[in-house]
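Lettered A, B, C and D in written order, each chain numbered from 1.
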Amino acid sequence: MIDVGIIGSSGYTGGELIRLLVNHKYTNIEICTSRKFAGQKVSDVHKHLKGFINLEFEDISPRDLKNRCDVIFLAVPHGTSMNIVPDLLDEYTKVIDLSADYRINSQTFENLYGIEHSDKRKVVYGLPEIHPEVSEKNLVANPGCYSTGAILSASPLANSGLIDSIIFDSKSGITGAGVNPTQTSHYPNMAENVQPYKLTSHRHYAEMFQELSMMDESLININFTPHVIPSIRGILTTAHIFTNRQVSTEEVKSIYAEYYKDNPFVRIIDGIPSLSTVRGSNFCDIGFEIDVNNNRVVVVSAIDNLVKGAAGQAIQNMNLMCGFNETEGIWFSGITP
Amino acid sequence: MIDVGIIGSSGYTGGELIRLLVNHKYTNIEICTSRKFAGQKVSDVHKHLKGFINLEFEDISPRDLKNRCDVIFLAVPHGTSMNIVPDLLDEYTKVIDLSADYRINSQTFENLYGIEHSDKRKVVYGLPEIHPEVSEKNLVANPGCYSTGAILSASPLANSGLIDSIIFDSKSGITGAGVNPTQTSHYPNMAENVQPYKLTSHRHYAEMFQELSMMDESLININFTPHVIPSIRGILTTAHIFTNRQVSTEEVKSIYAEYYKDNPFVRIIDGIPSLSTVRGSNFCDIGFEIDVNNNRVVVVSAIDNLVKGAAGQAIQNMNLMCGFNETEGIWFSGITP
Amino acid sequence: MIDVGIIGSSGYTGGELIRLLVNHKYTNIEICTSRKFAGQKVSDVHKHLKGFINLEFEDISPRDLKNRCDVIFLAVPHGTSMNIVPDLLDEYTKVIDLSADYRINSQTFENLYGIEHSDKRKVVYGLPEIHPEVSEKNLVANPGCYSTGAILSASPLANSGLIDSIIFDSKSGITGAGVNPTQTSHYPNMAENVQPYKLTSHRHYAEMFQELSMMDESLININFTPHVIPSIRGILTTAHIFTNRQVSTEEVKSIYAEYYKDNPFVRIIDGIPSLSTVRGSNFCDIGFEIDVNNNRVVVVSAIDNLVKGAAGQAIQNMNLMCGFNETEGIWFSGITP
Amino acid sequence: MIDVGIIGSSGYTGGELIRLLVNHKYTNIEICTSRKFAGQKVSDVHKHLKGFINLEFEDISPRDLKNRCDVIFLAVPHGTSMNIVPDLLDEYTKVIDLSADYRINSQTFENLYGIEHSDKRKVVYGLPEIHPEVSEKNLVANPGCYSTGAILSASPLANSGLIDSIIFDSKSGITGAGVNPTQTSHYPNMAENVQPYKLTSHRHYAEMFQELSMMDESLININFTPHVIPSIRGILTTAHIFTNRQVSTEEVKSIYAEYYKDNPFVRIIDGIPSLSTVRGSNFCDIGFEIDVNNNRVVVVSAIDNLVKGAAGQAIQNMNLMCGFNETEGIWFSGITP
């Protein structure tokens, strides 16, 4: 049994970590921190968790946290983790950072996030299907939600050196924007609508570029446009992939099957994925179709942004880092319908 | 480990039974039947279950079923169970019927459902908070979804003899109407809408009347009007209860707390429940407010219609009938957000 | 051609007034005021109106407003109108107040809204189906959205002296809560949900009581519970009406038909109304069903809360006050689907 | 005053034609045909139109139709119009066909729709912003909904010879799939979801190719993938356009402004369009952003699929064909919120 702390646990990612961890066989949630709600019961903020957690939110120092926990999740705003992580790391403590701080190299981070990076160490990018070496690390940078869906959709083809250019057109549920109400998340604005944003400049792009160009350094024509849709959860990514030669359905299918053959959370399906089948689960469903006229493969991936795109993946990383079964605590299907 | 069969397992209730049972520690799903889909893989119909069940749908006789199963769930249309149950029951087999056939006395059934009842035995009404004696039975009639939410909202006050009259005004997610598309469930008709129906004549009314008037035979002024709302899951019931004397918040609170003190799946909350906190779970959340001017207590209950209103409650019954912990396999929180 | 001013025109009601008035044959929108957006183009805030209005929001005094306008709409927060109206009224200016200030008597207002009333004049309650005398007034208090749907559903029976008690159970789209994002209107909280609130204490209750008890002074058992549902627009009211004697379908139908025979915006329908058929329109659709066992008539009314429940009704009042055809500028059907 | 007939008027497009035409100053709806509902009142099927139309559906021959109408709209299934149109056309009758039959050349039609074409005349493609010559025709092929949004988003750049390749990624409300319930339109499947389909083979592609390659014959790399989203109405198209040289924001803006300068229903906006601002209206809102790194212009267009994508555009065509003002009867803003 390991003791777990969650820093910044009043938001959606924090709530989802708790929801999943209370049913994890080998973890005890020791601490949930929140400055805003310190002293309040966790289940007064996350009302669905009534009966599952009796803790109150605390506001304690990283040092005290480290003393009480074996594994620490950071679900804090970008630019915050870098100031906490160095104090947390030692030989006894494992840290999974769900912020963007350590996902990309510090120079790119500074350019995109406009924050000086105070801890420039190199950290593994915690997409375990791509980086199984997370199992040997004590600090892991949990990927962005869009990046998870996009990279998983294109990696097998990128790794095969088949890609000429990609356009990721992603559709996300609105929880990706967090727990605080805004004009965008206001029901009268979001319902019955679809809202593209940051058409050419979303920051998750850097993660996609980093990971995919690492597989094929000639692959530089990568493009990404996000949209929010009227859905609480989920990210569906339509990857329009132009290949550098004609490919067949059988070939692509076998490339994907082979690439993900050891990954329990990636399901290659025969039809076209949708959000419904992965809702609430840690799966990434992938399907595709080929347009031979234009050497285009349209790959579609579907994830739950709060699970495979955040909390579930963080627990998947924890499982690997701690030597548990990769699926421990997160092996359940989506809620359909 | 017990072997379980699910008759009529291609619909929503069947899918939900499978989703829950694959993670139940003491059950093995032995048979899923479906006439329509016989020979097809279960996970081709319930796509979210890919990786969780390798069975194909079968179409077999009740007798064969009985030989292979310890517990049988019937998720079949009304009027069908009565023809199957007599063949299933013996000293080794437990049966949970999710249809309406055995919920109400056969005379009332015949009047409401227009079907002659061929098996008039008296069967326990499987709302375990009200009828803990389900644990001694080998046949249980699993309650209707509306009835579950309505009866749980009013039982403590009915049991205290405090009720003069009740109006249950219920709002249901559209999955209550099943897996087959209709004009009502057509997205352009259901989205951004609320549709009352059977304003004075819904058949679940008979269950509410039977159970509540059993607690207080003077309680006969019971009324029920259902609505469908743009939600996949969930039933929220607003119970407008007129009391026969003035009651205080403290009194009502203590009546509910006392009544449900041994029931893990009923949560009395301080605020007003909503569907979000019970989504995907087996909980019934209950809250209330008092209008002293008119001796009215407005009690609100929220359940997930497919879980506490159907499959989850059926498993709760199975747990009790089989001597498992009541919460086995269904002790997880709702998915919020 | 009359010149119209709209005070507080940046919110939903203001936007809807503009949307409707730009196509009104006899009005010219002269002024739109907004403190917050003064100097900005109206169509930069109400983006759907691009091409329909070239004004900028202004922030001007009531006196200047009066000089430039024949008719003034007030779409301001409660407690604000009472300070403006006295300066606006003169023999040349007509005022329609969409706030609560003049809907109920000042004593009740003070109790409910916690604001001292500085202008205690008696003002007609601007539900033109009930108070055709609006046509002779130069100040009209436009009704609350819930009150409009509730009063219209019950008036014919109240007027006939047939009602013993009423429970109004209303389901409202979330635009009723205004343009500013809140936790309640946050898409992840509102979608797939239904949220009851103010179970026994919503302030619109006072309007319902005032108007219905005016028709039948013995009618005092009136109850009201509101809910928000996942819909942008619309209020559906389920009126559970207990009658003091048994009534027949034919009798009730003829009572409603007769009562509303001169009212173009009330449609008595044969089935059960829903929000879809009135969306975007000024109609109130009404249907009902009778439960003879309990002397209960369940009447359902459906309106668009921003049109018949606010801006459309205000224009209907303006039409009557100015001697235009009652339907001028608001005679179009709902948008279905 | 012209007499209008609508063939196939019981579906969404038919209903929308009626909704709009009843408020058109110069038209009288003379006939609404429907085989299925012949003899029933139009307003019993299109319930929102109660009070606006007193006709019953008829089932009459094209010849009789022609004798009673000046303008005929065909809202019939693909493959049906070609059998009716030849009988309708004469010097006195104008016909607007909303089916696919005459949109593309008959050879392509036969390939895509698998139906032999019995009337191979060449007909103008009725996108009036691109083909103002509709005003001189008596038969017009009203464009597909996806095609309308896609072509309008890319035409100015195609016309300037600036495009190297295009990926149209479109998100459509579910009414595009029609009035009959299906598994896709079933609320539990559509809500909280996004469903890509026909990833590389949707038939509207042929219209996009035909129109855009007509502007620039070197433009052949055109791709299209459609999705349905949880929205009743609307199509948002994200056009990922790779240009053959670097372009600036100012240049693109002026190209669009110049191209559409005489088109009242295209609004070039500064931000990013969304469905909300065009809901219920005949507008096409267009915005864009430039990614200079990859010579990519991301253009976003938003339309209401039933108005600008079908019925509204048909009336716009009628206005031009009949010499009315182009905006007659369809000059109103979207319904926002």
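Everything that follows uses one rule, which is that a residue touches a chain if its C-beta (ideal position, glycine included) is under 8 Å from a C-beta of that chain, and two chains touch if they have at least 3 such contacts.
This is a predicted model, so every value here is computed, not measured.
The chains touching chain A as well as chain D are B, C. Of the two chain pairs examined here, C-D and A-C, the one linked by more C-beta pairs in contact is C-D. Among the remaining chains, the Cα-based centre furthest from that of chain D is the centre of B.
Work out the mean CA point of chain C and of chain D, and you get 36 Å between them. Centre-to-centre separation between chain A and chain C, using Cα means, comes to 46 Å. Along chain C, residues 12, 173, 175, 188, 191-192, 230-233, 276, 279, 337 each make contact with two or more other chains. Chain C contributes residues 12, 173-175, 179, 181-183, 185-188, 190-192, 230-232 to its touches with chain A in the complex. Interface residues of chain D facing chain A in the complex, by the touch rule stated above, are 167, 169, 171, 173, 188-189, 192-197, 199-201, 221, 223, 225, 227, 229-234, 236, 238, 240, 272, 274-276, 279, 288-291, 294, 296, 298, 300, 337.
Within the complex formed with chain D, the residues of chain C that make contact are 12, 15, 19, 22-23, 46-52, 175, 191-192, 232-233, 264, 267, 269, 276-281, 283, 306, 331-337.
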